[in-house]
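Two complexes follow with chain A in common, the first pairing it with chain B and the second with chain C.
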Partner chain A sequence: MILDSILDILTGVFLLLGGFLSVAAGVGLLRFPDAIARLHATTKPQILGLAFVLLAIALQERQLSTILLLIFLLIFQMITAPVSAHMIARAGYRGGIIAPHSLLVDELEQAIDAAPEFDDTEPGSE
Partner chain B sequence: MSPQDDQPASVAASTNPTASESASARKVSRTEVRGRVWKQLPLLLGLVVLWGVLWGQFSWLNILTGFLVAIAVTRVLYLPPADISGRLNLWYSLVFIAHFIADVTVASFTVAFQALNPRPIPTSSVIAVQLRTRSDFVMTLDAIAMSLVPGSIVVEVDRERAILYFHTFDTTTAAAVEAMRAKVLVVEARIVRAIGSKDDLARIHETEATR
Partner chain C sequence: MSDWVFLAVGVMLLIAGLLALYRIIRGPSILDRMIASDMLLTTIICALGAEMVYNGHTRSLPAMLVLASTAFLGSVVVARYVSRRTNS
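So, the complex of A and B:
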């Protein structure tokens, strides 16, 4: 009985934390200046937010099959989220959608400027 | 066990002039294939467990069909094998995971509060980080780990020179940029200590000794 109520309270706390992170992600989506900065707000706090919600479910449904399923859910989220974030960030950088004056330093631009001129006669280059 | 098992060997037998050469070629490919199957075993087992989880039960029929589906999937959707060193230090793996969970938790709330903070949004940076590893696998794990920690996203990867380009949030000073760079290298060192090859490990020790 006491264990059950402790678990219920923990579940509530985890759900609230997950909800808070999701709300913050939504606010960040509105406030941050460009697509890449928005990625910081949406992909990241959301991982922990999801982890909190899954933890809350695991505390209520204490069965091995459920917990295994939740673990797989989290793993796939952790594998796919960086990939999609990277694809958007890469496309965003190349598309030049970074808000002006939002960067302190840009070492990728320096590296591109320093690179030798691209030689498109080289075989197998495209 | 894989397409390489008989096809290239038989092609080699038909094109190679001498029988001994083709025999040695076949022997090499056999041991290679055996190593490849061994390396794929964790992936296969993971897929079988996933199959069982999706069905919600682990009956013998499920395990059998799981294996069949896992083999079919890995054959049809063939990916080049990841170059895994084969070394695994359990203690340092736990250290990495513990640090990782702590990093994600702290940084998630930091970014969340920055989003809610009414002050202007801090400036970001794009920084280049020269990694010390020569392994694609370690580089990928480092990129994923840093991507999951809020405040840094991989914008571009220079695989040849092992340079990762990060978009980092809230780097308003040069000191913050350097702190971020150090952070990436610390995470890399943790991953190498957990699963990296001996060469990578030596390189990490070398740079840390000279620092």
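So, the complex of A and C:
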């Protein structure tokens, strides 16, 4: 029974951590000045906050099938969340939504300058 | 486990969702709106998980799995749309 109460306390702590990370992301979303800073603020809890909540579920449910499903869920989130963040940042850079003077280091511009010229209209897009 | 923990978690997730909603409504560019809607979806997944812990069931797990594995499609489509429109 003492194990149960310890696991209950840990579950509460992990749930509170997940909720706190969500609130931190929300405050960052509200207060940060431009799109790429807001992206920075919101992509952390997309993985870590969800991982805390999933850990709380695993501590509470302690069954092999549930834990396997939770591992799958976390892996899916870890695969897909960086993809969407990368695509949004890339679209913002190429679309000019991210102001160039707000970047201290712009390695992508050097890479684009170093790359050979090519015709980037996709076939079939006309 | 006492109820105030769940009350605090619920209030925090509610605040996070409302802030994301504010950014979706006010966001100056479409990318801000997509970032905020991504975060709103993550908050919804967290809320489903917290509700499962509170009520002690696992029925919401498939919904969480599907949301986590398809949430990126919307952002990718909008990002493609934004770069396509500014290229031409």
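Going forward, the second predicted complex is superposed on the first by the 106 of 126 C-alpha atoms of A that agree within 3 Å, B and C clash if a C-alpha of one lies under 4 Å from a C-alpha of the other, contacts with A are read in each partner's own complex, and residues count from 1 in each chain.
Criterion: contacts are C-beta pairs under 8 Å (C-beta built on N, C-alpha and C of every residue); 3 or more make two chains touch, one makes a residue touch a chain.
Source: prediction; values computed, not measured.
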Tell me which partner A:80 touches in the superposition: chain B (first), chain C (second), both or neither.
second
Regarding the shared-chain residue A:111, is it in contact with chain B (first), chain C (second), both, or neither?
first
Quick one: classify A:39 as touching chain B (first), chain C (second), both or neither.
both
Touching both chain B and chain C, residues of chain A:
20, 25, 27, 39, 45, 49, 69, 72, 81, 85, 90
In the complex, the residues of chain A that touch chain B are 20-21, 24-25, 27-28, 31-33, 36-37, 39-41, 43-45, 47-49, 65, 68-69, 72, 78-79, 81-82, 85-86, 89-90, 93, 101-111
Show which residues of chain A lie in contact with chain C when the two form their complex.
8-9, 11-12, 15-16, 18-20, 22-23, 25-27, 29-30, 35, 38-39, 42, 45-46, 49-50, 53-54, 56-57, 60-61, 66, 69-70, 72-73, 76-77, 80-81, 83-85, 87-88, 90-92, 94-97, 120-121, 125
Mind listing the chain B positions that touch chain A in their complex?
49-50, 53-54, 56-57, 104-105, 107-109, 111-116, 121, 123-128, 143-144, 147-151, 153-156, 158, 163, 165, 167, 169, 171-174, 177
Per the touch rule, the chain C residues reaching chain A in their complex are 1-2, 5-6, 8-10, 12-13, 15-20, 22-23, 29, 31-32, 34-36, 38-39, 42-43, 45-46, 49-50, 52-53, 56, 58, 61, 64-65, 68-72, 74-76, 78-80, 82-87
